[in-house]
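For clarity, chains are labelled A, B, C, D and E in written order, and residue numbers in each chain start from 1.
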């Protein structure tokens, strides 16, 4: 086991519209794998190889077959729940039909709660926090903001946006029943060029806070439109940190944007070192901190299992606790969802010594840190474990 | 195989004329071609055995069916659709829902028949949408398909209840009874199911070109106005053909659903529709078998080319550009031109030229590709150092020698290619003059 | 004798201009009628109205006693009226044989079927084959229509028109662009293939007109100013003024 | 009233933006009959060029230089590629522009990277133009509207004061005859295509910083601009203008309407519950589908008035 | 004015003209006769630079072989194509406008002259040319070319599809062109009119000139007529 090389197949878009994110994340995995090779408890080396799934669920199944042919037993994926769900389902079926050749799937960013609830699988482990957990964290923060009285929800009309709206309403009703929901709008994803009508509507509703699960252009255009119209209310978001978005946000000027995430741009210690070296090497930001937890988790599990065999490692990962960049994290056995610290960060001009995100001169500063239990949500998963 | 739109054949002997238009199932040429096709479908999985190859072969079968069905519209009916994925995709969704009913034991239907359900479902959608779509031809037709395509795609994300949201709908094809121990679990079993469907559908669509409606569809493409004056309602011709095309597309979609066991909204996307259009054209819309080539290429391009190089979209774009400019009839037309030369017994003179053309083209491509790869490397992986390997050769993307080498290789390639091209053009022209003379001579007989 | 075609005060305006100003005409079954008149008089328009290409503004068209005005071209065709076009209008990418077969199919009842092979339709194939011989294109059976010479395309145009077996045939300048000699042969061909049918034809070649027609209708400015036998039309003063002019026409007419 | 005024303003300015995006397409489509699928790619190129050029010599020079560069590329593309496939018909022309859009996308990513670039509105034009009921109307938006109107005037002059339009239309059917009458047809085609793409480039210069300059920007405007051209009526500049405004206004007001079929049914006494068949469809609010209303409009227009709003011909 | 010598023309590989030789003087009407397919239209196209050709075409002293059609047109040659290539989507008036080489050009002919010649065209001024009757289209092409103010006009079968009376009118009109100093190369099928108005006649057969003389000599030359004109 010591000195063995564990090969990991990375499957995310490396070409096409989401290539920027995928390329960055591939580099993040490779960088961290390189760094922690040999230096993990199991003493194994890690090698991460990229497969281009073009963001498409069907192509993901092709790349999975390609990876299987090339002898990979571990796959990581995160960019998009569509591909993630397809992969989870395919790995499950493949393992069932091909005993002895099992694959393990580490999910570092696909956040559809279904993956650890009704569609959960023994072979799937999520390193990110799902939409419902982030919402728990976000609402826990918002409930302590007395100035928030009227919230407007705007989202992309697909599962993620619909879930954000649903979870917010449930959680906030529980935590701050006095908060009024003055608007709950969904728009088709990627179709809106001009958000000013929405801004006008938000303004008319008298909202004092905006909640959105939007990402990519749908987020940056929304922020721009709000700036343009001079509507200065805080925005609570999920995905302001994804590659490209900070640059676009910065181009639009200062705005009140809050992000919920399991990490932020200004960590100290090992992770800060990684981020700095990464930036030096690639002139790009390291923001997929889950890669760090992922490699650590694998290393620890392999040490515990005394093997790199996916079945044994999967069993070993269940309930395993490792040290992360922000305290301990635990892979919950019941649904394979990592329990970890959550942060609320705010987008603002970087002061001296703070990390300038995408060289924009802006940064995400943590304004609230929450222990893992805060964001923990129950699961409906009925895990079917193979004997072993 | 005598295909619609093929080069005019010489007039047959007077004695043979009577038999000429009567159906001859034992027409030797046709028999050979069709059995070759069947054999190819059968033998493929024994040649390419990896699991990736198997799933690719399966996808090729599906792509062949869908591209052929698309060509019923484009090639045979002159209807440029930007929304064909709506029909293959709807077939997929209905098929996967049906599969899930079968899994739950609520529907006693053998899994092997589910693609037909997909086909029927698509046809029903076409009855609905097609009615408005086929009211018009030409550009208005194209634009309506674009609009409907966008609408369906947008809805596919909005209605998770039917389309399954981001995760789509998944199913398990190991369901229902298992006659003869066929579970369709192993990919190879499914492949053979797809192969059978592919063969039958190809035959079916070919047969369609030989029916009165199929012929009137060609006539509508060529001159819709005149069609009205020989007693046909052009709208109806388009409408019925549209439904039939959707039926086959739906079968393809149903097979895809069985193959992937998951259907997500991407199957109805405009991007998909665009791919069908591009590859049908690339394969060759003017010949019946063109889309078969197109379907195979489509899977190769999406699955293999992208693994081979990050620049695949650039290559794809360039290939299209050059194909449209220099071979607008697609690959099929290139093949048929050579078949024509061969039928006059002059093909063998050309092989030296072809070899020269191929070699010099490869050299040119090598040079160009090396440069493209170096540029991509600089852009994407500069941080990993300027070194890269391309086709086993170590290159330095910042080194003058690598660039010089690449430019040199490409320039040499271009030069030699031009020389052999000129030679070839002369030869080709000469042969065609010969063929023209020969045809005149035979006609005069 | 029965009336094959009857027009009752037919009118057509495009925008504000009235192009056809009340035409009435009665054509007996089996008659050959030539329609002549100055350029832009409305001859082609009249054909367009009869064949359903445009709906008339007012008036009636009766085919074998049945009113057909305002019907779609394919409906009129199915009732037994077929036409050719002044500007060649064929299926360029289909072979000669296929062009003719397209003309034959509906009348033999094959309609929109996709459950039968064309090759098995003995009757349709034989009909198309015979027709091809009659219009003397059998040597070009499998040549694409686009590759035919002009005269051959004109012949095909007429071939498609008569293929469906319609008994009222409208030909719009069938010989336009042909040489004298070709014209002569072509007229013989038309006579031959339309035996027993009702024929309306537009022509400028007076030789053709006087050689072919049983009756002549002269259209001037959207009105039928005379409808009579060739001899009497030729003698008609008004026709000479409006249309024939002086010497040229006589000479042309005499050329045959 | 307040909401109405602001929405109307938003609708008009969005409509003008749409017109800016599609004016070049209208020009090319109406004159040459080419469905230029790479139009949005030229728009993207305009934005990227403007980004680079404005870093060197400032925004306002870039406003001139970038469209010219884009127009040059367009003209070269016409000369060396599009012209060759003209004889194969519209499908081939369309496909070659399709191919081009792939190439442009990749090349843009090669040169400027896969992320968005920091292309900002110049300081001179940022900030509000005026404030209405407490809502600011940004100066840059005003600038955008102005440019759109200038484009309209420019094309209109081109079409009415020159015979380029006539030459092109005539050349579509009988290019040789037009040449024999003494017109340099190839050059006119090149000018029109170059001009159309330059307009796309100009839209890119303006749109690039108003929105986001990133490789995905072409895809996001890709098909809606076709809607404008078709709804307006193929070949009609005025139609495209009217269609842009109509779409802008409809869409903007659509966002403000929260009515749904379920609500309508309720008001006539039908109870729609989550168990009703097709509930997701019933509960869909107009505001949710506002951004895809252009496509509905497209389909409806083509069915009921295939000539488009002000068009004179079908196809 | 126009001198053609040893002119060869090709459609791709097929060689259609084999050394055509003739000339047209100032203010002359020359008829080019011949059977279908003899190469008359091709000769016209070759002069206009519309087909691939070699040899010599001298126009006002310049050799114009290999020039582009629009350059040749600018030198003062006008061409009326045989198959009524009117621009169907443009109005009658717009069609005429395109005949002018530039918007400002002032020539011998004005729109009014044209409308006076064929009043039908004036009536239909603002109609799309595509819906004109066949004969009206023929008139339009003739006028369109005249608008370009050519010094020599090559007319390919102008009387095709025209009513007999109009045919006569066209003949008259060609004669008045001549009086205004315009030369005419008239390609015709109908001997009568060609013979009536032309100064000289050429007969073409299989891609070369087989007869050259006055209409009278041609009328008398039964052999040429039988061999090359009638069938």
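Assume a residue touches a chain if its C-beta (ideal position, glycine included) is under 8 Å from a C-beta of that chain, and two chains touch if they have at least 3 such contacts.
Only a predicted model underlies this, so the values are computations on that prediction, with no experimental measurement involved.
Novice: Walk from chain B over to chain C along touching chains and report the minimum step count.
Specialist: Steps on the shortest route: 1.
Novice: In terms of CA centroid distance, which chain is the most far removed from chain E?
Specialist: A
Novice: Express in whole angstrom the distance between the two chain centres, defined as the mean CA positions of chain C and chain E.
Specialist: 30
Novice: How many angstrom lie between the centres of chain A and chain B, each centre taken as the mean Cα position?
Specialist: Computed from C-alpha means, the inter-chain centre distance equals 38 Å.
Novice: Using mean C-alpha positions as chain centres, tell me how far chain D is from chain E in Å, no decimals.
Specialist: Whole-Å distance between the two chain centres: 45.
Novice: Considering chain B alone, which of its residues make contact with at least two other chains?
Specialist: 154, 158, 313
Novice: Touching at least two other chains at once: which residues of chain A meet that condition?
Specialist: 23, 157, 186, 188, 191, in rising order.
Novice: For chain D, jot down the residues that touch at least 2 other chains.
Specialist: Residues 109, 113, 288-289, 292 of chain D each touch two or more of the other chains.
Novice: Of all residues in chain A, which touch chain D in the complex?
Specialist: Contact set of chain A toward chain D: 17, 19-20, 23, 157, 185-188, 190-194, 196-198, 200-201, 203-204, 216-217, 220-221, 224, 228-231, 243-245, 247-248, 250-251, 253, 358, 360.
Novice: State the interface residues of chain B toward chain C in the complex, per the touch definition above.
Specialist: 5, 8-11, 17, 21-23, 207-208, 210-216, 218-219, 221-223, 225-233, 236-237, 240, 244, 443
Novice: Per the contact definition, I'd like the list of chain C residues that touch chain B in the complex.
Specialist: 51-52, 72-74, 77-78, 82-83, 85, 89-95, 98, 101-103, 105-107, 110-122, 124-125, 129, 139, 141-144, 147, 160-161, 163-164
Novice: Residue numbers of chain D touching chain A in their complex, please.
Specialist: 2-3, 6-7, 10-11, 13-14, 17, 109, 113-120, 126, 128, 131, 134-138, 140-141, 209-212, 214-217, 219-221, 224, 251-253, 255-256, 287-292
Novice: Under the definition above, what is the set of chain E residues touching chain D in their complex?
Specialist: Against chain D, the touching part of chain E is residues 48, 50, 68-70, 72-74, 79, 81, 85, 87-90, 94-95, 97-99, 101, 103, 144-145, 148.
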